[in-house]
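Paired with chain B in one complex and with chain C in the other, chain A is shared by the two complexes that follow.
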Partner chain A sequence: MIRKAMKGNVSLIAGSIMVSITFALLILSFIWTPYDPLAVNADDSFAGISMRHILGADKIGRDILSQIIVGSRVTLFVAALAVTIAMTLGVSAGIIIAIASRKYQSPMIYAVNIALAFPAALLAIILAAIYGASTITAVAAIGLATAAAVAQVTRRTAHGILASDYVLAAHASGASTWRIIRKHVMPNLRASLLIQASAVVSVSVLAESSLSYLGLGTPPPAPSWGRMLAGSQQYLFVNPLLAIWPGIAIVIVVLGFNLVGDGVREVFDPTLRRIDS
Partner chain B sequence: MSLLEVNNLTIAFGNKKVVDSISFSLDKGARIGLIGESGSGKSMTSLAIMGLLPDTATVSGSITFEGQELIGLSDRDHSRLRGNRIGMVFQEPLTALNPLMRIGKQIAGPLMIHKGQSLKAGLENALELCIKVGLPDPDRILRAYPHQLSGGQRQRIGLAIALACDPALLIADEPTTALDVTVQQEVLNLINTLVQEERSSLVFVTHDLPVVAAMTENVAVMQLGKIVENASVATLFHAPAHEYSRRLISAARSAEDSFSGKGAHQ
Partner chain C sequence: MNIIVFGVRRLLLFISSLVVSSALVFSLLRLLPGDLAQAKLGIQATPEALANLRHQMGLDKSLVAQYWTWLTHALRGDLGISYLSGANITSEIAQKATVTVPLVIMASILAVLISIPLGMYAALRYRNMDGVATSAMSQFGIAIPTFWTGLLISTLFAVVWQLMPAGGFPEAGWSEPGNALKSMVLPVFALALGQGAVLMRFARSATIDTLQQDYFRTARATGLTKVQALRKHGVRNAMIPVISVLGMQMATLIVEAIIVENVFALPGIGQMLLQDVNNRDLLKVQGIIAVTTSIVFFVSFLVDLALGFLDPRVRQS
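Entry: the complex of A and B
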């Protein structure tokens, strides 16, 4: 089944490799790192690529490779939690609004639009002020903010599905609303949901990086790719490698999940399949 | 007592009446054709019987089916009739099937909903229904997705779904309009045979006069939401009472004449 899905599906193959690399880093972070990622060594300040530090070292001599490996924990935690929050809230809100009667629909759509207009950074500041800045407050802010976008897209797509002939035909067969949601709306939403989920992964990884940079996310010294990137900024011309490594890591995660989302959509949609089952 | 009785049925969207106090009745096993141009209210009438009008529509009058008043019936009670006592075939056979669900499950659907059958039992019955509607290689078709079938095959599936629970009434809403001409005749013959075999009543909605003449014994001609003439097919053809009926017939005749080479050239 997996082999058949992979066949000729370049997005899925490339995406799976990239996502696997990230997960391999996550597992590795619990088993082994070349150095303690927090160990400071003044002698190695701005060390270049060498046998001693494969990817070099930062200003205070911390090993970059070790930080990248351990930083994958924050990134994948952020991605998983943000997707869970955004998809659970967004999809249920979107479907509820789509099936609600006309009278309740427009106030709910307004509510979603207001939530959509509310800046995620402001929400992150509020949450950080109340609960203290941490990865969790950053992710909660990202999740809530993207949930509104997911709700809006879900509502529109679900609305189109509910207006389709096959839903009318299902009604004509005596199907209940609940059965129609389960058997007709959800499967036909699936492709759009996958795209949204992979977009949420990308957005949340990037947003966590910026929030950490602003001091509203993962607090130091715990390594985070976003903060590594932010920290490298002042030395960009002196030591560009410092920015390149976390940058590459972020690109691999974001691109990997996007490609997987794209590839899986192709597997799920029978009309896009090249070989008919 | 008649199976279906429609009395002074009026359907309006805001101030606009799309169906204007129409009445007709249908005995058990009888057939009626609803004919008219698009916008004449014929499809709205069939949706009203099914209880599938959009909630922006206001409906008044009365529709009784098997002695039960359908107007004002709760959606829950109405859904017990839909697909069970009343089956419906739609105009566009591709869009009326869920593109992501295998055909077998779609045919088994009404059986699972109304007869409480398991998926396995439903699929076994779906296989028999496929044979009944004349589909070749039913095993393959049950596993196929809608886009893998031809238009005619899809409409046969639509018919299998509508007839799965042996309904007392079949509503066919322009079931052949979207099909190739050669396939049209096959599907019409199939509907004819099946309705006869099942002893169901038939409401046949169309804008095509020759089609309705082949399918039903009575025709209600609709124009702008009103039934302007309700007569037997023979009466309608030989002595049409209403101006609009005459226009329909002459249009059908001239199409036939030009086809047989008589028309304008002579």
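Entry: the complex of A and C
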């Protein structure tokens, strides 16, 4: 089944490779890193690319490769929690709105639309103003903000499914609402949920890195890609390469999950394969 | 639905969204332990002084009454006075907006100008290497965080080639139009590239859609070349999703502008907001967020109106 899905599906293949690299980094971070990512070594200040430091070292001589490997932890931790919050809240809200009677539907849609005006970073800024910046505020902000988008897409898709003839037939044969959700709505939502989940991971990784860059994410000393980039900015004139590596790591994760999402869409919607590949 | 009924309904929706969202932000920011009076006077304040100041600031009234006071003042353009710096919040926002508003507008225009031709090109050549490469480019554009785009182009243009300033804004602002514009170039590009990549995907799929329509085939049958037919039918069809997505993206665009301002040290609303968050200047944070979300709701109101006007199907839903 997987092999069949992969065949000729460039997005899925390329995306899976990038996602695998990300998880390999995460696993590696618990087993081995070239150096202690926080070890300071004044002799290696701004060390270039060498056998000693494969990707060089920052101002206080911390090994860049080690920091990037360990930085995958914060990124994927935040993304995993945020995607859990967003999918749990978003999918339940979306289905509830879709099955609700007309009277309750429009105020709930209205509430989702208001929530959509607060993107993750804005919500994170509000939460940081109240509680101070931390991993928790970042996770909560990203999870809640993306939940609104998930709710909207889920509601629309579920609405389409509920309007179909087989649901009408199920109704006529006396199936309960719960049975219809379980037997008809959820299975048909599966592809859309998978695509949304991968999109939420990408958005979370982008948001987390931006928040860390702004100093509103995970506080130091835990290495994070966004903060590494923020740190590199002061030394652009000394060592511009420092501004490259963490960015590549971010792009690999985001691109990987986006491509997997596209690939999954292609598997479930063969019409796309013909025209929109 | 009648266009006027449609417009009035959207207007009511816009106004009520403003009230609800500002109430939400207001109550969120008041959930804090301690209050504004405590923050202003510090821990050593005597209870009498605290009670006095609370009364003066209206903090002894109910939350609803406080919100009402804030809202009625805000509607008259008075967002209060920062209790840290003593500055008038409205005039500070207005002053910083002279940087942020042109940044967002120029970036939106540039993003549309990039996305429509490239999206149409990618659609037209979707079977060829160059079309696929153009689509792949947009995938990259979406995956690159805006602040990194900013860092990269400032490394290239300011550090390596030294063509543009790496950041900052002339002290005198727009009264030095040349310098002001020059310091806007890199931030506008940083903001527009990511947005353009998102919009391009929509322009591309709208164009692919057009290519399969009967009217397109008819246009081709009358002897127009593919490009001529697309110029006639494709541009408009690509514009509709691009404009509506741009409207939906407005919230994201403003947040990205906040980030870009920090990359390029532009003294705009975003930079101010981050400073105020770090200082816990809550009244000011509240004011800035109220203004930002109002702009977001206003833009989506305008986009809704425009689409309702252009496309009768929108009015039905």
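Operating definition for what follows: the second predicted complex is superposed on the first by the 244 of 277 C-alpha atoms of A that agree within 3 Å, B and C clash if a C-alpha of one lies under 4 Å from a C-alpha of the other, contacts with A are read in each partner's own complex, and residues count from 1 in each chain.
Just so it is clear, contacts are C-beta pairs under 8 Å (C-beta built on N, C-alpha and C of every residue); 3 or more make two chains touch, one makes a residue touch a chain.
Owing to the predicted nature of the structure, the values given are computational and were not obtained by experimental measurement.
Asks: Looking at chain A, does chain B or chain C touch a larger number of its residues?
Replies: C
Asks: For A:Arg102, select first, second, both or neither according to whether it touches chain B, chain C, the two together, or no partner.
Replies: first
Asks: Should A:Tyr213 be classified as contacting the first partner (chain B), the second (chain C), both, or neither?
Replies: Touch status of A:Tyr213: second partner only.
Asks: Between chain B and chain C, whom does A:Asp36 touch in the aligned arrangement: first, second, both, or neither?
Replies: A:Asp36: touches no partner chain.
Asks: List the residues of chain A that touch chain B in one complex and chain C in the other.
Replies: 276-277
Asks: In the complex, go through chain A and note every residue touching chain B.
Replies: For chain A paired with chain B, touching residues are 101-102, 164-166, 168-176, 179, 183-184, 187-188, 190, 268-271, 276-277.
Asks: How about chain B: which of its residues touch chain A in the complex?
Replies: Touch list, chain B to chain A: 50, 52, 55-56, 76, 79-84, 87-88, 90, 92, 95-101, 109-110, 113-114, 143, 145, 147-148, 158, 161-162.
Asks: Where on chain A does chain C make contact in their complex?
Replies: Answer in residue numbers: 110, 113-114, 116-122, 125-126, 128-130, 202, 206, 209-210, 213-216, 226, 229, 232-233, 236-237, 240, 243, 247, 250-251, 254-255, 258-259, 275-277.
Asks: So in the complex, which bits of chain C are touching chain A?
Replies: Touch residues, chain C against chain A: 13, 17, 20-21, 24-25, 28-29, 31-32, 126, 139-140, 142-148, 151-152, 154-155, 158-160, 166, 205, 208, 212, 248, 251-252, 254-255, 258-259, 262-263, 273-274, 276-278, 280, 282, 285, 289, 292-293, 296-297, 300.
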